[in-house]
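This report concerns only the one structure given below.
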Amino acid sequence: MYKISYIDDFEQWKREFKFFIEVKIRFSETDMFGHVNNVSPFIYFEEARIEFLRQIGVFTKIKDSESVPVVADLQCNFLEQMFFGEKLLLFVKANKVGSSSIDLHYMGVKENGNVCFTGRGNLVNINPTTGKSIPLTEDEKKKLRKN
Amino acid sequence: MYKISYIDDFEQWKREFKFFIEVKIRFSETDMFGHVNNVSPFIYFEEARIEFLRQIGVFTKIKDSESVPVVADLQCNFLEQMFFGEKLLLFVKANKVGSSSIDLHYMGVKENGNVCFTGRGNLVNINPTTGKSIPLTEDEKKKLRKN
Amino acid sequence: MYKISYIDDFEQWKREFKFFIEVKIRFSETDMFGHVNNVSPFIYFEEARIEFLRQIGVFTKIKDSESVPVVADLQCNFLEQMFFGEKLLLFVKANKVGSSSIDLHYMGVKENGNVCFTGRGNLVNINPTTGKSIPLTEDEKKKLRKN
Amino acid sequence: MYKISYIDDFEQWKREFKFFIEVKIRFSETDMFGHVNNVSPFIYFEEARIEFLRQIGVFTKIKDSESVPVVADLQCNFLEQMFFGEKLLLFVKANKVGSSSIDLHYMGVKENGNVCFTGRGNLVNINPTTGKSIPLTEDEKKKLRKN
């Protein structure tokens, strides 16, 4: 396998994931070559990210909050093709917790155990009115570092 | 062609359309059989509906308004397959204007002039707080009847 | 509730459903008013339809088959708004089995038991080369009538 | 602005783009916070990539070809929020042409001239039967280097 810029030791990187959601590939997510569109993993990242933050209890009061999480960047490496009807486990972890941002990493695993894609992206804590970044609380950092 | 329940005279029905938008089929809207997913026309209806209402000046202040348009039902008849890269003209008209609702009709036309799908759906004028229907103003009815 | 054209007795219509799938609403399916886009039920219909046909064993060899199922029309009535994170049960049944087509009916039910949308659509058995309709076999009709 | 890993000199990087397509943001691409979902730029990348390759005449006979372009990775940096109804110019260029792959770069520009997102991704030339990479022809490389 070729080197992925944000992964040092692939086996160790894999072992560090604990949280995952199940994803069922929708028919509307397949393209005219019969396999899953390369846009879909980013949809799955979003599902996993929201569920992950909800379960560990960070960024849960988005609507009326003075700080909201904003996606600053996203990337995905496609390792193996996926097909309609396949089920995926989508893992997510907080790879690095900064003062006001989190580097979230993602891994899609097929039922046969093969990793079909990897990904990452920064989530920045923002004041929605001023647009400025806001430090994460110690409590939030603690919850994120454990997962 | 088989009979479509909401169309009496197909040729006359076609002639009554004036407003249209151009739609370019996205690659992500094709499925694994190489043709456009049957979900996509409903996406195109939405584009056309919003643009139609904006241009004739009805329901333009949705965000802070005391009445909002709500889609009550939608239907589509698929007459001819569409493929990636094709361009469509999507026509829309107010087929019937009720006291607090509009029966919007849609027609998708390929570059060769063939009608590839037809559709319709009721849009009801609602008070977002109470959920009750609200009469359209005479001005709104007039604008809708002209288009 | 207003009258839906394809439903005679709502309570009886509900009771006739047996098959369902679970649908989890994706964040990307919500719109800027915070509720589920009116395009999404048609995506859910497709998931349910494919799973239904697979489980009862009709139209299972689509790729190399001499007959394929083609969606002729679709409609949906929106009864109650859905929101991100909600789980739905999506029911499907063969309401009427014709000589070469099936009238499939759909019902979306929230966790509180409320029906949030209903729908229907014809599926026609087509020869992909000639485009002509092909009679369903007696075996297919029997399987469909039971579900 | 923060440093983007795949851009050295932002002003020079911008000047090197020549090809672009126009993108109209769809209502179904907005989320419940009123702005464009962060999945959508990847849909736009795909539109731009297909149109770019078609216009310069590379990878045009995908269906029956012995070599197909496969997306190996994708990334996007989100610089400014986009809203429903806005029009974008989406630029694409071949930033680097390898022996059997292309590093495509993308830039989304709003009507006010602001860059709202940047992106990149490798496209690898693959034999669809063996899955092995195939060298680009000199003619293909020449066409890509000019654009």
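By letter and in written order, the chains are A, B, C and D; residue numbering begins at 1 in each of them.
As a convention for this text, a contact is a pair of C-beta atoms (placed from the backbone, for glycine too) under 8 Å apart; a residue touches a chain by one contact, two chains touch by 3 or more.
Only a predicted model underlies this, so the values are computations on that prediction, with no experimental measurement involved.
Novice: Quick check: more C-beta contact pairs in C-D or B-D?
Specialist: More C-beta contacts join the chains of C-D.
Novice: Specify the chain most distant from chain C by Cα centroid.
Specialist: D
Novice: Compute the distance, rounded to whole Å, between the mean C-alpha positions of chain A and chain D.
Specialist: 22
Novice: Centre to centre, by mean C-alpha position, how many angstrom separate chain B and chain D?
Specialist: The answer is 32 Å.
Novice: Roughly how far is chain C from chain D, going centre to centre by Cα mean, in whole Å?
Specialist: About 37 Å, centre to centre.
Novice: Check each residue of chain B and list the ones that touch at least two other chains.
Specialist: Touching at least two other chains: 27-28, 33, 37, 39, 43, 46.
Novice: Which residues of chain C touch chain B in their complex?
Specialist: So the residues of chain C in touch with chain B come to 5, 33, 37-39, 42-43, 46, 68, 70-78.
Novice: Sort out for me which residues of chain B touch chain A in the complex.
Specialist: Residue list for chain B touching chain A: 27-28, 30-35, 37, 39, 84.
Novice: Which of the residues in chain B come into contact with chain D in the complex?
Specialist: So the residues of chain B touching chain D come out as 26-28, 43, 46-47, 50.
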